[in-house]
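Below: a set of structures, written as structure tokens.
Note that chain A is present in both complexes that follow, paired respectively with chain B and with chain C.
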Partner chain A sequence: MSAAAAAAGTYTPAAEAGGKRREKREELRRHLAEDADWPRADGRSIHDCRPAFMQTGPTTAASGSAYAEFGKTKVIVSVFGPRESKKAMLYSDTGRLNCSVSYTTFATGIRGQGLENKEYSGMLHKALEGAVMLHTFPKTTVDVFALVLESGGSDLPIIISCASLALADAGIMMYDLVTSVSVSCLGKNVIIDPTSDEEAWQDGGLMVSYMPTRREITQLTLTGEWSDGKITNAVELCMDACSKLCEILRERLKDTAVLEENE
Partner chain B sequence: MSARDLHLRLSQAQRVRLEAALHELHTLNPAAAAAAVNVADNIPVNHEDSILKGHGTSDRDGEVVATLCGVVERVQSLVSVRTLRARYKPEIGDIIVGRVSEIAPKRWRLEINFSQGAVLMLSSVNLPDGVQRRRTAVDELNMRSIFAENDVVCAEVRGYLPDGSLELHASSQKYGKLQRGQLLTVPAYLVKQWNQHFHHLKQYNVDLILGCNGFIWVGEHVVVAENTDVKEDQQKLAMEADNFTPIETRTHICRLANAVRVLSALGFTLTVELIIQTAEASLPSTVEINEMLGAEFYVQTAEREAKRRASSLRKMNGAS
Partner chain C sequence: MAATAMEHDGGGGAEVVTPGELLGASSSLAAGRGAYADGHSVRASVTGRRRILPPTPGSSDQQRSTVEVVGHKAHGAVPQPGSVVIARVTKVMARMASADIMCVDSKAVKEKFTGMIRQQDVRATEIDKVDMYQSYRPGDIVRALVLSLGDARAYYLSTAKNELGVVSAQSIAGGTLVPTSWTEMQCELTGQIEQRKVAKVE
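Then we have the complex of A and B:
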């Protein structure tokens, strides 16, 4: 191909460089599947999560909002409510939680809507409804809108944690904060907080949404190939990581509190 | 508004002084100490006392656990959690200051720091000629001459509309358009409900209106006439257009406005006395008006408040 290109008098460096990149990635994939100590693309070990940056209050028009950035994944969640809605007009003892996850057109490498987001809204709802006290806002609705600005892997767990922070910021009564972490099973190794490449290579995936103080799991999603022993280890790994992430969320909420209460 | 909004840069010495003052404030009010709480935190409670679990708390294995993130408030035996970013919760009869955001058929929509806009009906406003009559189509076309977009208006809450938005009315002489002054926004919980929300500060010739929604108006004093005559009104308007506000009044307005900004950044409840004291404290030390928003004055205000509360507490304890 390059001979033909050279004959035509054009130079295409991209094709060759692309080949080298592909080779490097294949090598990384093989190493991650076999070696327990091989560093990942961003230098982490297989048991390290990405450094988390979270902040409350980016959307001033919403009752509560939060922004989360984990490596390349950037998510912003806005919570509106409790407010009236036509669907909730029929009297009911419990309130309604309405979740919606959407991707921006520039979130993934290829322009266009992600296909998984139709499921994500339902999954976000299931993860949160166990923690939110619906009976405290009867006949009204709390709307949770999640927008993924950039998708860098492990999207749904980050959306769930960010939504939990946004709900706390909005003052919705909850039993506990919900944090969520996912792991990928790749060959012999179990990799925590995978990036989008690692997710594409995975043999199986596990996502756990956990309420650390109450020590209860609100949602557990298992896909792909897993062996028994690995599942137990993976679930414990996730729960541990969720507890640590919850500490970060609490720090963030305390910061906002300390700045404001001074009476 | 918070300390972040004022973009203060404190020197090391100032930081130390500020911490000392805040610490003293916390110790003076031990109930408020250790008050910030997150969801599912245990609220420290004396188990021997009978405790009423209020809003924002729940019971778990005999422990009182918070369900909201916020500040713990204790009133005798009632323990509750108040959120920080709570939006303004309107009550009927509250005095509100708002800004006109839109003119709609027969009504104005005002922005008042509530989840929805507030509505001020044409029929709830006094017409300029002072006559009580049915509003005609001509009145509707001339709505902009009464309040235009972005005007600041003072009104009272009449009630809620079926869709949840607020309805206001401005049918007394003391309500209406506010001119020649500054509008300030503070968090709504810093303005408690009192008997008096309109304050006329005679020594400065300034009107101070503390809106319950957290909008505060500081402006030149307006004489409220009992009966207005059409011709008189027009003459007065013409005169006012010629006179500018005297520079002294304007400096007083600026001082009071800056005092409000500093107090809201520190998070103190706004009372008229406190605002006046803060503004007066800036006079003798010849603090320039724009320095009132600086770090030094911020720290001094915190220290002064700590001293004031300590002395009033001592007086109370001495008296009792």
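Then we have the complex of A and C:
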């Protein structure tokens, strides 16, 4: 009997196979379940944001533009307008905002197609339309084109903040600047400004777009698994981070304004 | 960073404000250009320097001075009803002429807007007897007034005033046309007379 089984051949794997990979996954799962504050891959604590680098005016052909680099995520936004709508749409008393978000083919690890990301375009539009004074440019359109050069996590919030800076750079009248921050829920922890790896592992995500001086939220997006208490804390965390990010945007605008005057 | 911003701030002492920043209370300030009133406060809507203007003598509101924000990069000119524009005629048809608006109130636009001059808006007298071909030709530069936002495709323009109409044109022979009366222009090269609705430029 046993001779026959031996002759048939067995494919029982060795106990140590895939051991290293399994070990790492187990450690991550243990972190998520137990640790209160574990160091993230880039050394930040769970409530630390990445250093924000923002600059106005990279696209000279556009009415206004801005570049943002938060860690590995690099975004450039160009604003054209107010100008005539190319497609002869229906007449409108107020102005129109037209948003388009696209990823370059080399933005993610896997080569993409460079098509417009329609979902993000719609969300960018919703985040900005509350802040732009559409009645100041009737019948014309303001086009906002966002291009993600490298996707390193927290893409849409960075796009929104960068677009807000570009609109202000173009001189479009706004009620206030809009900044946006997202948090991820990983096990018991709520971590702010996630990278793409952390976003891939998240149980839930929350993104808040906020107008700090007016203290108004223009957009709130909640996905995945959340418990009540955590949502309130997370929203307040985001609002505070948005206010601080807005200060950085204001400094950029002031520096640019002073530079332009001195020319 | 705030300290270095203050060092650069040498000109005039007026501070640079950004959209959303508080400029003052609406009880003591009225919102001018580049600012808006929001409940009890007046806030900036563009980036620029804050300027306070004294209350205008004729207005009813004597207590409040006006605050405005003067930005270097105010958004490009957009035609508003009542603004005088410079346009180039592109098409002339039986009852209307199409024109590309190139300057608004002496500020050039980055991208052209489409305008339309209808037969009844060419001149003030005898508007039903207007012959479009004897008023404009394609390529003429005209000064016009924006009547209204018009429809989805074009702004409505009017040249029904003495100072509005053709300011510069080329003759059939290729020479410059010189105005001789309010309906005629003469070619410099050949002396030929051509009919246009001419603007009386002071």
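Please note the rule applied: the second predicted complex is superposed on the first by the 218 of 263 C-alpha atoms of A that agree within 3 Å, B and C clash if a C-alpha of one lies under 4 Å from a C-alpha of the other, contacts with A are read in each partner's own complex, and residues count from 1 in each chain.
Heads up, the rule we're going with is that contacts are C-beta pairs under 8 Å (C-beta built on N, C-alpha and C of every residue); 3 or more make two chains touch, one makes a residue touch a chain.
All values reported here derive from a predicted model rather than from experimental measurement.
Undergrad: Should chain B and chain C be called a clash or a fit once both complexes are overlaid on chain A?
TA: Clash - chain B and chain C, as placed by superposing on chain A, overlap.
Undergrad: State whether chain B or chain C is in contact with more residues of chain A in the superposed arrangement.
TA: Greater contact footprint in residues on chain A: C.
Undergrad: Now for A:G122: first (chain B), second (chain C), both, or neither, which partner does it touch?
TA: neither
Undergrad: Give one of first, second, both or neither to describe whether A:K139 is in contact with chain B, with chain C, with both, or with none.
TA: It touches chain C, and chain B stays clear.
Undergrad: Look at A:G171 in the shared chain and tell me whether it touches chain B only, chain C only, both, or neither; answer first, second, both or neither.
TA: both
Undergrad: When you line up both complexes on chain A, which piece of chain B, out of 7-15, 97-105 or 133-141, runs into chain C?
TA: Only 133-141 shows clashing C-alpha atoms.
Undergrad: Taking the contacts chain A makes with chain B in one complex and with chain C in the other, which residues are shared?
TA: 63-64, 83-84, 133, 168-177, 211, 213-214, 250, 253-254, 256-258, 260-262
Undergrad: Within their complex, state which residues of chain B touch chain A.
TA: Those residues of chain B that touch chain A are 2-4, 22, 25, 29, 32, 35-40, 56, 58, 60, 67-71, 83-87, 115, 163-164, 187, 266-269.
Undergrad: Along chain C, where are the residues that touch chain A in the complex?
TA: 1-2, 5, 8-9, 11, 16, 18-22, 34, 36, 38, 43, 45-49, 71-76, 78, 110-114, 149-153, 155
Undergrad: Spell out the residues on chain A that touch chain C in their complex, using ranges where they run on.
TA: Listed in rising order, the residues of chain A that touch chain C are 63-64, 80-84, 88-91, 133, 137-140, 168-177, 211-214, 249-251, 253-258, 260-262.
Undergrad: Sort out for me which residues of chain A touch chain B in the complex.
TA: Residues 57, 63-64, 83-84, 133, 136, 168-177, 211, 213-214, 250, 253-254, 256-263.
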